[in-house]
Every structure is written in structure tokens, then in C-alpha cells.
Amino acid sequence: MTQELLTDTINGLAAIVLLTSFFLVANTRMHQLVRTFTLQSLALGLFAFFVAYYTGAEHIYLVAVLTIIIKAIIIPRFLDYTIEKIQVKKEVEPLVGIPLSLLICTGLAFIGYYIAEPVIANGNIITKNCLAISVAVVLIGFYLMASRRKAMSEVVALLVIENGLFLAAISITYGMPLIVELGIFFDVFVTVLIMGVFVFKINRTFETLDTRFMRRLRD
Amino acid sequence: MMVSSMGVQSLGREMVGMYSQSLFQALIIILLIGAACAAILHKHAKLSRSVACSAVFISASAGAWLAIDVILNGPVQLGVSLATFFGDWTVSLDQIGGYFLLMVCMIMACVAVYSLGYLKEYDGKYDAGLMGGLLCLFFLSLVLVISSNNIIFFLISWELMSVLSFLLVMYEGRKEGVAPAGLLYLIMTHVGTAFITVSFLLMANYTGSYAFSDIAAGWASIPMDVRSVCFVFLLIGFGTKAGMVPVHIWLPAAHPAAPSNISALMSGVMVKMALIMMVRSFFLYLGPVQTWWGLAILLIGSISALVGVLNALKETDIKSTLAYSTVENMGIIFIGLGASLIFDSYGLTAFAALALIATLFHALNHAVFKALLFLGAGSVLHATHTRNMEAMGGLAKRMPYTSAAVLIGLLSMAAIPPLGGFVSEWLLFQSLLLSANIPDILIKIIIPVSIALLALTGALAATMAVRFFGTVFLARPRSERAEDAHESPRSMLIGMGFLAIMCFVLGLASFAILPYIDNVSASVLGVSITSQLVDGIFVSPISSDFSTMAPLLIAVLAIGILGLTWGMVRMYGGKQVVRETDTWDCGTPLGPRNEYTGTAFSSPLVRIFSPIYRSQTEIRTEFTASPYVKKRITYGLRFTDIFEKYFYRPLVRFITAVSKRLAVIQTGSIQAYLAYIFIMLLLLLVIFR
Amino acid sequence: MVQDVLLNSLFAALQAVTMFALSPLIIGIIRKVKAWFQSRKGSSIWQPYYDLAKLLRKDSTMSKDASWISRATPYIAIASVGVVALMVPFFTTYSLGFVGDLIVVVYLLALFRFFMVLAGMDAGSTFGGMGSSREMMVSSIVEPTMLLAIFTMALITGTTTLSSISYSLAVTGPDLVRPALFLALAAFFISLLAENARVPVDNPATHLELTMIHEGMLLEYSGKQLALMEWASWTKFLLFSAILANVFFPWGIATDLSALGMAVGVIAIIAKVLVIALAVALIESGTSKMRLFRLPNLLTESFTLALLAVMSFYIL
Amino acid sequence: MMIELILLLPLIAAAISYFVKQQHVAEAVSMLSGVLQFILALLIAVDVMQNGAIQYGLWYADELSVFMLVIITFLGSMAVAYSFSYIGHDREEHEISGLQLRRYYLLLQLFLFTMLVVVLTNNLGIMWIAIEGTTLTSAFLVGFYEKDTSLEAAWKYLIICSVGISMALFGVVLTYASSVDVAGFPSDSLNWTDLRSVAALLDPTFLRIAFIFILIGYGTKVGFVPMHTWLPDAHSQAPSPISAMLSGVLLNCALYGILRFYIIMQLSVPGFAPDLLLIFGVISLVMAAAFIILAKDFKRLLAYSSIEHMGIIALGFGIGGFLGIFAGLLHMLNHALTKCLMFFGAGNILQKYNTRSIAEVRGLAYIMPITAALFLLGALAITGSPPFSIFLSEVMVLQAGLGAGSYLVVAIYLFAILVIFAAFMYHVSKMLFGKPTEGVVRGEIHHVSLIPMAILLVSILVIGLFLPQQLMDFITKVAALFPGGSR
């Protein structure tokens, strides 16, 4: 693979991660949401793989494999299982309408670029372009989180933020120290598990996952 | 003769100088032990009380000895210093400190004796150990406030004093209305402390030292405008404690809410702690005095005096009346302080000394008569279990000793010659009249106004005193409680009796006392005016051409004439035969409802000063079934405190309203919460990237 | 020095005795003048002396609700007025002014009032309370007025001792006369009327309970005590007249020990007091008593006058 | 060695207390572990003070870490001591099962473990993991009672802090990225010591963005407004000893995370971090004041007071200089001690009155005199009254601000703490005085709980009155780690 093709592929995959984020915003069904997330994680895994190939750093291969196994296989399965088990209503029920959300997210993408711009301007690592994308993904994930009602979609949104972070970690630093990466994976995994536990508890107590009903604590 | 007396004195100086440290330590240790024992013995109320009161009494004696030594012979260093983050903490006692320490110890000793009997009241209802412990610690904090020579140490002692007095106010916390009063006090005094803190820290910042003595030496390194800022802050800060208008509002609420022995301490002594610090700060720490400082204090003092006395006139709660009278008297003291500062700023040091002596002397007099009056009020409260003067009456016959003591206190408060209160007010008038020499148009306008206000205040204070005594002690009882009143136990009477005697001593022997106060003022201003101030038994304001006065002679003459009259009437008219009959009643039997009450007594004045009182009367008539027969007419009188209505309430409302606006962010919606973080993140990134 | 003191004391005692002796006569004269104006014959000008003599020999009755205050007050009243009489110059400036200056005088009179008002409240009668309350209202404003008015003179002459004020005015002559003097004079005259319970503030002749101030307080007194109270009040009136005369226009007062000076002094003061008495009688005949709550207007006017007087001294 | 040991202790205790099915064993083991941790922490502290920082493998302990270590372990053991009576009471009342009780001690020890890792690791990545770990362990403790409100609080806590922490991770990534280009830098090191040694060479553009993310991220956990929203919910719903730990220790741990970056920032982009801290400090103070005025729930009141104090600490570091930093550090300690005391008191009140509503608590001074006295003194201490220690650190912040000439900040600071004092005392005096609530029996609820409270009160009193020389030297050394923080 030529150097150029390689960088194009890497950039392309990064673009796919961003694009899937937009899809996530547009998704209206819970299962769809999980599906798109799987796709994003897959793209992220591939991205890591190509970066590993490009830099020759072995531990990034491991990261790629872990990403695909945990984020593209185990976590989506777990999410699907939870959704089935507690029979969430299938609609996502966004707080902000989808067209407007998409518009906002476009704005966020621009802001991401604006923020990353000074860094890109004096950087010399080729993948630094990806910084803008990863900031955008993080912001979109954040937006997703703030604009969704269901506890489940919040979990997905958090995972999207994590994906954005990984994109950044892999692209601009060519991976963090291995022990940190492993720790983070473990952490993400446990976080999702614990959130799952709480989703069950909440469902049992409130008989809904709609966070609108969780407004007892206020001033 | 001269030589030998000097020899004795210097010998005494050495001996007492050696002992002064141990005296001071003994004072502290006794108080701490007293507090601890009182707390430990709290199950045995009587024992605990006795221990605490004797600890206070013994310490007060030790403190008085120490104080007298310092006043006579100059400052002493007390105890070892403690190195801390904020410089060394040292304790020392200068002459002005000694003066106030003597005041504190004198009142404390009387209160300790009084408390022995008074506190019995609380047995079984409130914890005796708590009261004893707090009382000892409160005394300790007062001593530390006077003697600390380090800003931070001072602030700690100061706030300790506030907190302890707050706790003492809250002693009867379960009673209605006590908690809000105490709370208001705590908040106000804390705000005041904040101002003091900022001011002292600024001074420390510029002089580079936390020791008061270094600040006094290094004021020159503080820029002029910073010194003025410090002055304003200190005025607000200490003024809050002193009950200066308009930051006085806590005082009439909190002083009455406390148990009476504590009210006596708060009104008599604690407010004076603000005075000592003001005198020290304005004369010693802040460098050359600015004229406008004096003017500001003079003006505020005049207003405080008037506001205080007018409010005292309308109160029907005996202790509130006395508390407002404290506001008034602190106003009078401020007038003196302001005059002294003005004179000092013009370099008229001798006049400044006169005004300062008047101020300090009035502070002492006020401490004595106000403590006496609060103890008297406590005694009345003890007998009638009410603070409402409308429900009293006729107590002079039932409590002869208490009524005599209170009458003496009231006479001193109303500045009736030859008592102490009169002598200090006389000196104050004289020093104000001397201001004719100052060539400044603003002063020429403000001084006459404050003379007028002082005169008006004096007259109104007399009215207030008459009303107080007349309503509480004279005529017939207006309630059963007053009917069944009884004289207080002996310990209470002894405590009051000593203070009552002091009221006379301070007046009659003022010619002997003033030189020592001059000693104190000389330590501040550097000028001694004893030779001009006192001549034999005559007292005069610097120049004896201007005026002289001899309280002792006045008393002798008055007693002489009284005796003469009595003798002549006896000689001419024969033996006094007095027949006791009913009061003239126009034919209808007199009941308690026919009598003049306190409200009725002050009603004409309330009408005259209605723009200040903002009183609203409300007369409601209830009819029986027939519209021609009235069943009941109720008369309601409400007063609005203008400071409360136009400053404090709006302030609280404003802050609460703003808070409500701000607090809407805590909606309970997790999406909103996330959005805040999100927006904050975006903002910071876009602005600071 | 000692001789000086003795001399002063002697004359002070003499003046005080004179004032006590003359005060009933002045009251008698005022009553007589008023009677003439009312086209009555009126009682003899010696009548107050007869009253005193009679009352002093009588026993008293006293309310059983009253305390020791009522019994002590008449003596305290005489004592305080007596001490003041020692300090106020009458026909000569030799007096005990060095024992107490004008502030002492004003506050000694306050002592008198203090106890008189307490005595009014003592028996618990409604009239006593009413009188006391009104008396304190009036005096609350009148006392500062009086102080300020005399302060003006003190500032002009540079002393607060009453005898020194008259001395320096009498010796220096009209050079010291300033606008402030007239303002102060007006204020002091109103104070004189108010303090001594004269029309338009109070009506000394009335015994209608709802209008009286001074008499209300004395309502419970009888016999010896009443005599003493009345005498003290009359002397107080004479004292005020003497202060008015000797502080504001002291010319004629004896400033040395010459027999001529003394004679002139005696004549001058008698003339001045008679003029004041006449003026008071004229006012009493010409005007009626004010309604109670119109009084503050008059009193605050006088207070303002006095304040202006002090201020004009400072500013002009 | 000692570092591994101190980390192992809570893990062992956690295991034992969970698997041995006896309440007393769980309690005793927890207490023993807590005390041992504290002793070990002191030993490490002495070691560090005498021989300088310890650094090997993943671990690093300098004066700052040790400072935090002492706070964590001391308050940890206090919390365990208080838990006996508090959780024991719950067990007696059958509010919780025996299993829950053991799970409580398990989670408490795990919580302690994660916090110990936070302050002892040299690797910023591990530190991040550990901080996220604190969220995960404490989320269960917040939701401990499994009531609707506690679940809601736990869920919010979990979500908001996880999101926040993710931002912090982004910051860590960016910080790491800024070091990648630096010549001679070990390419796979995320060690704080390495970063500090090359701090001046790091890419400032990266660092600025990184610090913003760090501040938002860890700031969420610290409770800076407007990221504080989880805090009152979690603090009010958690069992009181846990509230004390959250407020007293956890917030400090998160702040510790920020401080590590603060040091690097100050070496690279001086002035940037302090300015941001000042902004957050001021906002937090003002908003906390607003909430404290309106508080209706006394545990939430305490939670908002924590926000206030975090703001004050931020101001201290924001103003900087020796005095500011010293004040900030001292305030961390003071706040931790005092807030623990307050939450313990609140726990006693809660169990006595069975309500968190301020309006329903009356006459506490009569009902539980000792608790009331401790609570009142704690309230005075927390609002900055002498002679308690918070007064000293607040005065230091004030003095630092006046010295730095930031008068506007000083004015806002003073205004806010005065308003807070007034509001706090308003609420507390309503609870303490007045006619006692009907139907509440007079008497202390459990006497054992008064011991840790008394210890805490004495400690803040001692610090406030004397500020012992050793402590002063210690904090001075800690402050010297900060650029511009040496005396």
C-alpha cells in the first residue's frame, strides 16, 4: 500500500466515524442506534489497524483488536440484550427535532475544526487532521447525550464520546502507553456494565427509562 | 515625703511588674479551669454555678489589680509569644487597655455576684454548666481582645467574643423570638468582622507586619487613600459592634434576648471593646488623623444618639428600652470621639485630650449604669417573669432595694448631677463648646448641630428614664404578676448595690478619677492635661476661666439645703402627719386600666416625632348585636424601623430574589445538567483555545 | 483666694434667700396684674405668702399607692432649686457659679423635674400620669432650647459660668451684642413660659383636669408637701427671670462690692423682674392656652431659634 | 514497598469484610485497615519529608501526594468509625440487610483503594482510570438505599461524572500529544514526573486546549459550577459517612488531578491555569451562595457548601503566590475535616428526625445537645469563624488577594462568604433552636458516633488556634512544588 493511499484510507475511516456520528443523531430507533454505533466502532477499529500499519507500532494492533472485540461485538450485544430484556419502547424520543439536531451537529463539527485549527496549523503528524474530527465526534456525542431522554441512549452517547477520544488518542499520539490503553478499555467496559446494572435498577424502580421522570431531586 | 512616696511607688512597680505576668496567667488559668469545672459539674447546678461565678470573681479581682497597675505605671508585656504563620502572637497591656480591662473586671465581678442568685431561675430548665462555662470563656475572650498585639490573634479573640456572646444570647434558645435575635446579631457582627479583617489585612500588607505595635510605627508606608479606606472599613466593622446607626439593628434585638446578667455584660462591656479598638486604630495605627474622619464619626454619633433615644422611648419591653439606650449612649460616646479626632487633626491636642477623656469617662459611666440597669431589669424580670413594662407597676413598694438601685442608674443615665453620667456629659458639652476655635466652615455647621442633638438627646433620655421608672416601679400593679412581685435574693442586691455606689463615686469623686483617665488619654495623645483639668475638688475644661464645676460641693450643698428645709418645715409647721387615703379617683374606683402606661406616657412625643417613628395606629371597634353598643375597642400601635424597612429588608429581598433567579439552573433534568457542561466546555474552548 | 470664696458664698446665700423670699411676691404681682386686666379686683399680692404659711402648718394626706418618691420629692425640689439659686446671679455677680455652671443649672432643674414627674406618676392617678407625660413632652424640647440659648451667650462671652457671663457682658457693655443674642433671647423667653407652666403652654390657674400639665402632677399633694412644691416652682420662675435678666441684659448688676453698685444692682434686678412679670401677665391675659398638639410647633420654633442662634455665632 | 502495602490493605479488607459473613468482623477489619492505612500514610509522609519523593514503577509520592494521602486515610478511618454507628443503626432498624451491610464495607474499602491509587500513581493515564474508578465504586454507595431518589442521584452521578471524566481523558490525550514531539522524551511515557521535567518544551497550543478539557473534566468531579449539578443529589442521597467521604476526600482527589496539570501548565503557559481557576472559583462561590440561601434540605445545604469551598480553594490557587497556594492547600485539609464533621452531625440528625428537611428539624439543641453543639461549632467553622481552621485559610486567601491587588475578586469573595455565613446560620439556627419538633424523643442517637466528631472538632480547633509548626512546614514544602509557591 502506498503512503498516500494509506493516509487517504486513514482519513477516510476517520470521516466514516464522523459520518456515523451524524447517523446516530438521525437515528430514531433504539436498535438502529446500537447498529450504527457498532458500525462506528468497527470503523474506529479499522482506523486503529491502519494507523498501526502506518506507524509500525505493535501495541496499536492490540488496541485495534480490542476495539473491535469490545466495542463492536461485546458491548452492542450487551446493549441489545438489555433493550430486549427490559423491553424499552423502541423509539429514541429526542428532545430536539432531528433536522435541527443535524444542523446543530454540523455547527459542532465546525467548532471542532475551529478549536483544533491552531494545533493543526503548527503540527507535523499527518493524522493531526483527525484531531478536528475527533473533537467533532466528542462534541456530537456530548450533544447526543444532552438531547436524548432515554437512559439507554445516554449510555450509547457516552460510548460515542469514548470513540471520539480513541480516535484522537490513536491519531495524534499514535496510541497511549499500553497499560493506559488497557486500563481505559477495562474502565469503559466496567462503566457500561455498571450503567447496565443501574438501568435495570431504574427500570425496576421507576418502571420506565425515561429520564424525564427522574426529576425528584431539585432545588 | 515626696521622695519616700516615689520610692515606695518604684518598689511597688518592680514587684507588680514581676507579678503582672503571673497575674495575667493566673487570670487565664482560673477562667479555663472555671469553665472546665463548670462544664464537668453541670449535673450539679448549684455547685457548677458557684464554681463558675467564683472563678469569674477571682479572675476579675486579679484583672483589676493588673489593670490598675498598668494605668498607674505604664504598659507591660504579658506572657510569652507564640510563633505562628502570621507573625508572633503576643499579649501586652497598654494603658488604654488597662483602663478598659479595669472596666471589664469591675462589671464582671458585680455580674458574677449577681449571677449567683439570678441563675437559680434556670435550674432544671437550662444547663447550668453551659452558662458557667460560656461565662468564663466570654470573660477570657474580652481580656484577650484587650490585650492581643497581633492582628490575627486579635481577630480570633474578637470573633470568639462574638460567638460566645451569641451562644450566651441563645442560652434560652427554646424561647420564642430568641433565635432570630441571636441570628441577626451573629450575622451582623460577622459582617462587621469581615470589614475589620480586610482593613487590618490591608494595613498588614503595607507595613509588612501583623503586630499592632509595628503597624503603629509603620503607618507611613500605607498610602493615604488606603488609610482612608481602612478608616471607613474599621468604622463600619467596629461600629457594628458598638451599635452605631445604621448598623445598630441587631443590638436592640440581641441584648434583651440574652439572660439579664449577660445583657449587662453585652451592653455594659462588650460594646466598649469596639470603642477601645477605634481609639487605638484611629489615633495610633492609621497615622495622622484626617478631619473628615472626626466629622463622620461626630455626625454618625449625633444621629445614633437621637435614633437610639427615640426608639428607647417607644419600647414597652424594659430590656429593649435599655438596649436602645445603649445605642444612644454609644452615640454620645461617638460624639466625643469624633470631636477628639477633629481637634487632633487640627493639632489642638489639649482639646483633643479633653474630648477623649470625656469619651473614656462616659464609656466607664455607661458601663456602670447600663450594667446596673440591666441587672435591675433582670431583678424585675426575676420577680415578675415578664419584660413588658405595661404589666408592671407598683414595684417600688415590693422591691425597695432594686427600685432604689435602678433609680440611681437612671439618674446617672439621665445625666442628673452629681452622678457620674452627668460629669462625663458635662465634659463632653464643654469640649464641644471649645470647638469655636476651629477655622473650618463645615465644622462650624456640624458642631452646633451636634451640640443641639446632644442637648435634645439628653432631654429625651431624661424622659425615657422617667418613663421607665414611673411605669415599672410606681403607681399600682397592672397585673397579678406585678402584684405578687418580691424582692430579689441578697447576692443580686449586692451586685447591683456595688454598681449603684459606683454611680455616685464616679460622679462625686470625679476630680480624683479624672487624672488617671488623663493618664490613659496621655498614652494615646501624648499630652497630659491633668493640671488644667482638675484643681482640688473642682473640675474644669482646660481653662478654668471657661468653666468650673465641683460635683462633690453640689452634693454637699444639696444635702445641706435639704436638711435645712426639713428642719425649718419641722420647726415652723410641726411634726409631719401624713394620712394615707385612696388616690383621687373622681368617684369611680381606680383599676389597673385607668393608669397611665408606658405607651400612653410617651404618646405625645411619639406624635411629635411621628415622621421618624413611622408609627401606625389602628383602632378597631367591635360591636355587639346592636350597633349602638360597643363590645370592645382595640387600639394597636405599630412602629416601622426605617432602617429595617428601607435598607435591610430590601437588601435581603434583593439577594433572595437574585438567588431564586440563579437557582433555577438546578432543574433536576439530567439533560439540562449535561447541557451546562457542554456549553461551558464550548465557551471555554472558543474563548481560550 | 479664701476670702474670695467666702465672699462669693456669702452673697450667693444672700441672693438665694432673697429669691426664695421674693418669689411668692412676684407670683402675687402677676396674679394681681392679670386680675386687673380681667377687670377683677383680685387677691392681695401677699396672698401667696398667706397660702404658704397656712399650708406649711397643715397635715398632709397621701395616696396609699404612693411610694417614698412622693414623700421625698418636695424636699428634693427645694434642694435642687436651692442649689441653683446659689449659682445664679441675682443682684450681684458674686455667686457660687464656680461650683456649677449653666449646664449644671439646667441639669439641676432637670433633677427637680425628674422627681416632680415621678411624683405625678407615683399615686397611679390618671391625671398625674397625664400631667407627667405632657410635662416631659414639653421639657424634652424646651430643655435643649434653653441650653442652646444660654450656650449662645456662653460662646459670646467665652465662659459657661452664669455669673461670669453677666459679669463680662455687664463690664464690656453693648459691644458684645450680636444678632445671635436676640435669637437666643426669643428662644429663652419661650422656654421660660413653657418651663414654668405659663400660658400659652399651660394655664396655672386651671384645675380642669384634661388641660392641665403642672397642676396635674401636684394633684395628690396637700399640706406641707404642697407648700414646698409650690414654693419651689415659684422660685424656679424667679430663677428663670433672673437668668433671663442677668444673662441677656445684665447691665446694672453689681459687679463690685461698692454699696452704690449693690444698690443699683438691687433696683435694676427688681425692675427687670417686674418687667418680665408684667410681660408674662400681659401674654397670659392676651392669649389663650394652646391646644396640646399645637404646642410642638411653638416649641420647635423656639428650638430652631436657639439652634440658629448658636449657628450664627459660629458662622458670623 | 510501603506504597504497595497501603494499596493492598483496602483490597484485603474489602475481601474479608465481604466474605466473612459477620457484621462485627466486617466492622473490625474495616477499622483496622483504616487505622493501618493512616499509620502507613504517616510513615510514608515522614519518609517523603526526610528523603524526598519516592518514585518507582507506576508509583510516585511527593509531598503533594503524601498530603492527600494523609487526608484520605485520616478521613477514611473517621468515616469507618462513624459507619459503625450509622450503618449499624440502619441494620438495627432493618433498613438494610446483612448482605447490604457487608457490601457497604466492601465498596467503602474499594472506594478508598481507588482514591489511594489516584494520589499515588505517577502515570496520568492511571490516575484518570482511578478517578473514573472512584465514580464507579461510589455510584453504588450513592445508590446504596435503592430508593427512587437515591437511584436517581446515583444515575445522575454516574452519567454526569462519566461524561465529565471523558473530557478529562481527552485532556490527558492532548497533554500526551503535546509531549510527543519533544526531543528525547520517552515516547510511551505518560508519567507526570517526565512531563514536568520537559514542561517548558511542551506545545502550548495543545496544552491550552488540554487544560480546558482537564478542567471541565475533573472540574465536574470537583463540583465547580456549572458542572456541579450531580453533587447535591449524590451528597444528599448517599449514607452520611459516604457523603462525608465524597465531600471531604473525593472532591479533593479530583482537585488533585487538576493540580498536577496546574503545575505543568504553570511551567509551560504561566497564568493560563490560574485565570481559569479564578473564573470557576468566582462562579462557584456566587452560585453556591444562591443555593445555600434557598436550601431546604440540610444535606444539600452541606453539599452546596462543599461547592463553595471548592470555589475558595480554586481562588487560592487562582490568585497564586506562596500565600495563595498555601491557603489553597490548607483549605483543602480544613474543608475536608470540617465537612466530615458536619456530615456526621447531619447523619445523626437525619437518623433522629428521619427527615432531611430543614423545616422539620427544630429544637435540636434540646433533643441532642452534644450533637447539636458539635453541629453548631462545625457550622461556625465551615462558614469561617475563628478559632477554627477554615478561618485561617480564608484569611490567607483574602490576604493573598489583597496582596495581589485583585480587589474585584476579593470583593466578590467576601460578599459571597458573608452571604453564605448569613444563610447558613439562618438554617442552622432554625434547626438548633426554637420549640423542639413534636414526637422526637430527647437523647443522643448513638454515643459512639460522637467520638470521631469530637476528634475532628479538636483537630480543626488545634489547626485553627496553633497551626502546628510541623504541619506548617509540611504544607510549605507542598506549596514549594508549585511554580511560584515557594516562600
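Every chain is named by a letter (A, B, C and D) in the order it is written, and numbering of its residues begins at 1.
The definition used in the following text is that a residue touches a chain if its C-beta (ideal position, glycine included) is under 8 Å from a C-beta of that chain, and two chains touch if they have at least 3 such contacts.
The structure presented is a predicted model; accordingly, all values stated were derived computationally and were not measured.
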| item | value |
| --- | --- |
| Where subunit B and subunit D overlap in contact partners, by chain label | A |
| More contacts between chains, A-D or B-C | B-C |
| Intercentroid distance (Cα basis), subunit C paired with subunit A, Å | 100 |
| Cα-centroid distance, subunit B relative to subunit C, in whole angstrom | 35 |
| Centre-to-centre distance between subunit D and subunit A (centres being mean Cα positions), rounded to whole Å | 31 |
| Subunit A and subunit B, separation of their C-alpha mean positions in angstrom | 70 |
| For subunit B, residues that touch 2 or more chains besides their own | 663, 666, 670, 672, 674, 677, 681, 685, 689 |
| Contacts with two or more other chains, residues of subunit A listed in rising order | 115, 118, 142, 145, 154, 211, 214, 216-217, 219 |
| Per-residue overlap in subunit C, given as positions that touch at least 2 other chains | none |
| All chain pairs that touch each other | A-B, A-D, B-C, B-D |
| Contact set on subunit A toward subunit D in their complex | 115-116, 118-119, 122, 124-125, 138, 142, 145, 151, 154, 158, 161-162, 164-165, 168-169, 172-174, 176-180, 183-184, 186-187, 190-191, 194-195, 198, 201-202, 205-206, 211, 214, 216-217, 219 |
| Of all residues in subunit D, those that touch subunit B in their complex | 155-156, 159-160, 163-164, 167, 205, 208-209, 212-213, 215-216, 220, 226-227, 229-230, 232, 272, 276, 286-287, 289-291, 293-294, 363, 365-366, 369, 380, 385-387, 391-392, 395-396, 398-399, 402-403, 410, 414, 417-419, 421-422, 425-426, 429-430, 432-436, 464-467, 469, 472 |
| In the complex with subunit B, residue positions of subunit C that touch it | 56-69, 71, 75-76, 78-80, 82-83, 86, 96, 98-101, 103-104, 107-108, 110-111, 113-114, 117-118, 121-130, 132-134, 136-137, 139-144, 147-148, 151, 154-155, 158-161, 164, 209, 219-220, 224, 228, 292-293, 296, 300, 303, 306-307, 310-311, 313-315 |
| For the subunit B and subunit D complex, residues of the former touching the latter | 82-85, 127, 152, 155-156, 159-160, 163, 170, 173-174, 178-180, 182-183, 186-187, 190-191, 194, 197-198, 201-202, 204-205, 655-656, 658-660, 662-663, 665-666, 670, 672-674, 676-677, 679-681, 684-685, 688-689 |
| For the subunit D and subunit A complex, residues of the former touching the latter | 58, 123, 125-126, 128-129, 132-133, 136, 139-140, 143, 146-149, 151-156, 158-159, 162-163, 166-167, 169-170, 173-174, 176-177, 180-181, 188-190, 203, 205-206, 209, 232-233, 236-237, 291, 294-296, 300 |
